[in-house]
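First subunit A sits with subunit B, and in the next complex the same chain sits with subunit C.
The block that comes next holds the complex of A and B.
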């Protein structure tokens, strides 16, 4: 038998045999945990607005994000965020806390190779694509906005 | 003496005169906890980094295996070792502490069988007297080299396997007392059936295992029923099923005498999906459970075929498929 054909057949056979992620429970867990993180964010914002009436809604939102990022990094450092992630999947990756985790976790991991070449270089190894795409798309949108 | 295409039958049948296994904490909660010689209480083994810990685990295992053979470090004239880290640093850095010649191997997770096969050739031909064959792996060093940081909150896919923290070492010699001998070895060929998913290593390695084991049967004119146990390295649950299907497709129906180290090492509550993997996986199972069962006489003849997935993170990112390899040795119990 031809190698290409053999490999194609084998890949088809393996694909049929591979266990799939169960959609139903994972979606529910992701929805619940993601929802809880958003509720905590809303709660923080409401408390900030109640405590500091002079804050604008926008400023309170910014402070709320800073607080969430801080606590996600703290939980990463304590070794808890990855445990939430195993259970929640996208529920704890998509909110800003997941972004914080994706920067803090390589920073911890590569600290042993030194501050500059370890921590600083590797810190954005996972979050990097998000930042690059974010910046590139905002430039693109900015150009479109200029001509509108 | 070479028989058939890939098999060497040993005239002197080198003996395994000493062995030792060190397993990680998680492995210590698995199925073989009472068989391991030593279970780590701390995955860093008192070191500052996981890389240093892996090195220390392998070093400790080799020293203790030499002790168990009633030899001293000076008696070992060849060390054959390999591991999973880039440039096999764990093995070569460990070799600094031994005044013996050193052969460094990279056979991914097939290293235990590869080192024993090479060691047995050397001892059988009387090129070297006492040979130490070792390998090991560490979950945390492998995760960061091949996958993601430990604290990243991602999910593992259902086809994935869990890299075993642990190391195993066997001492081969023609002198000394032992009732376990290596009677033949079949060196494998690199086999690639076009699997590209780096998480699904069982499927990538199963064809290599099938090829080497069938070649062994053909070369030595043996049958699956001749063995008390046919043991693959770390195909995992899915890989083992695929392997059994492939064997059946080629006319070999394996029965209850087949098992896989990756499938056996963890219990079902340990959430490792398809089971264990890594060079340490087959090394700790062989140097603990299998050798003890051979000594007790539960097994008389074992075909040990460790499998390796020869990928790198770069080859996977460049979209290459995963070549697999499998080397096999036959372990026999003989009363002498």
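The block that comes next holds the complex of A and C.
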């Protein structure tokens, strides 16, 4: 059996075995959970603006994200965020809470391998690519704007 | 007031649903989704297309990770206007410093407090 044929058979085997998430309801769950997280964010922002009239919209938005990140980290620590993620899929990944979860989750998971080489290194296993590519795109945008 | 919350829900949910469609169609990993959405958000902001969505839907556009990309691009553009070449390097991370620092420090604290639960799949 040559390599190509073997790879093809292997891929067919993988396709057959990998659990399928091809369910229409997951779209609705993702929509609902994502939408609700955004509404909670809007609620926090409106409460902050009402409590502190001197706050600018931009600063209220920054506070709102920090508060969401705090609760997402806490829920991740308690093991509740992953339970939401099981049925919400992208609804729990795409909001900023998912970014927070992607940092807290491996940090907690790999604590047993040590604070520095476990917790601190693995913390960025998902957030690292996001920040690297985010910085790259922001530098690119900056360069383009410099010459406009 | 309540109309605004409806808009937040519809737009925020829609952006998340796009991510779920990607998962279903391509079995994409969550890291790739996050990277892709940040880049898309930054590009839309650079072309001036994301700001109208923020005006329309508020947190519905700033809470999804595309809003993180938007902050990166917006910060870079503003910093370049104010500081020139230095702004290319300082703009993006300065604008998103709050979110990144919060995510890192809260993860650090809670990782020290909590231990991982055994996952059952």
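For the reader, a short list of remarks on this structure follows.
FYI, the second predicted complex is superposed on the first by the 127 of 148 C-alpha atoms of A that agree within 3 Å, B and C clash if a C-alpha of one lies under 4 Å from a C-alpha of the other, contacts with A are read in each partner's own complex, and residues count from 1 in each chain.
Simple rule for what comes next: contacts are C-beta pairs under 8 Å (C-beta built on N, C-alpha and C of every residue); 3 or more make two chains touch, one makes a residue touch a chain.
Values in this document were obtained by computation on a predicted structure and should not be read as measured data.
Contacts of A:33 after superposition: subunit C is touched, whereas subunit B is not reached. Touch criterion met: A:93 reaches subunit B and subunit C at once. With both structures placed on the common chain, the touch criterion links A:69 to subunit C but leaves subunit B unconnected.
Once chain A of one complex is fitted onto chain A of the other, the partner contacts of A:126 extend to both subunit B and subunit C. Look at A:7: by the touch rule set out above, it reaches subunit B but stays clear of subunit C.
Using the contact criterion defined above for the overlaid structures, shared-chain residue A:145 touches subunit C, although it does not reach subunit B.
Touch counts on subunit A: comparing subunit C and subunit B, the chain ahead is C.
When the two complexes are overlaid on their common chain A, residue A:61 makes contact with subunit C while staying clear of subunit B.
In the superposed pair of complexes, A:81 makes contact with subunit B only, with no contact to subunit C. Touch criterion met: A:102 reaches subunit B and subunit C at once. On subunit A, the patch touched by subunit B and the patch touched by subunit C overlap at residues 18, 21, 76-77, 79, 82, 89, 93, 98, 102, 104, 108-109, 112, 126.
Chain contact summary for the complex, subunit A toward subunit C: residues 18, 21-23, 26-27, 30-39, 41-43, 45, 61-62, 64-66, 68-70, 73-74, 76-79, 82, 89-91, 93-100, 102-104, 107-109, 111-112, 115, 119-120, 123, 125-127, 129-131, 133-135, 137-139, 141-146.
Within the complex formed with subunit A, the subunit C residues making contact are 4-5, 8-24, 27, 30-31, 33-35, 37-39, 42-43, 45-46, 58-60, 62-69, 72-73, 75-77, 79-81, 84-85, 87-89, 91-93, 96, 98-100, 102-104, 106-117, 119. Those residues of subunit B whose C-beta lies close enough to touch subunit A in the complex are 48-49, 144, 148-159, 192-195, 200, 203, 207, 238, 241-242, 245, 321.
Across the complex, subunit A meets subunit B through its residues 6-8, 10-11, 13-14, 17-21, 76-77, 79, 81-82, 84-86, 88-89, 92-93, 98, 101-102, 104-106, 108-110, 112, 126.
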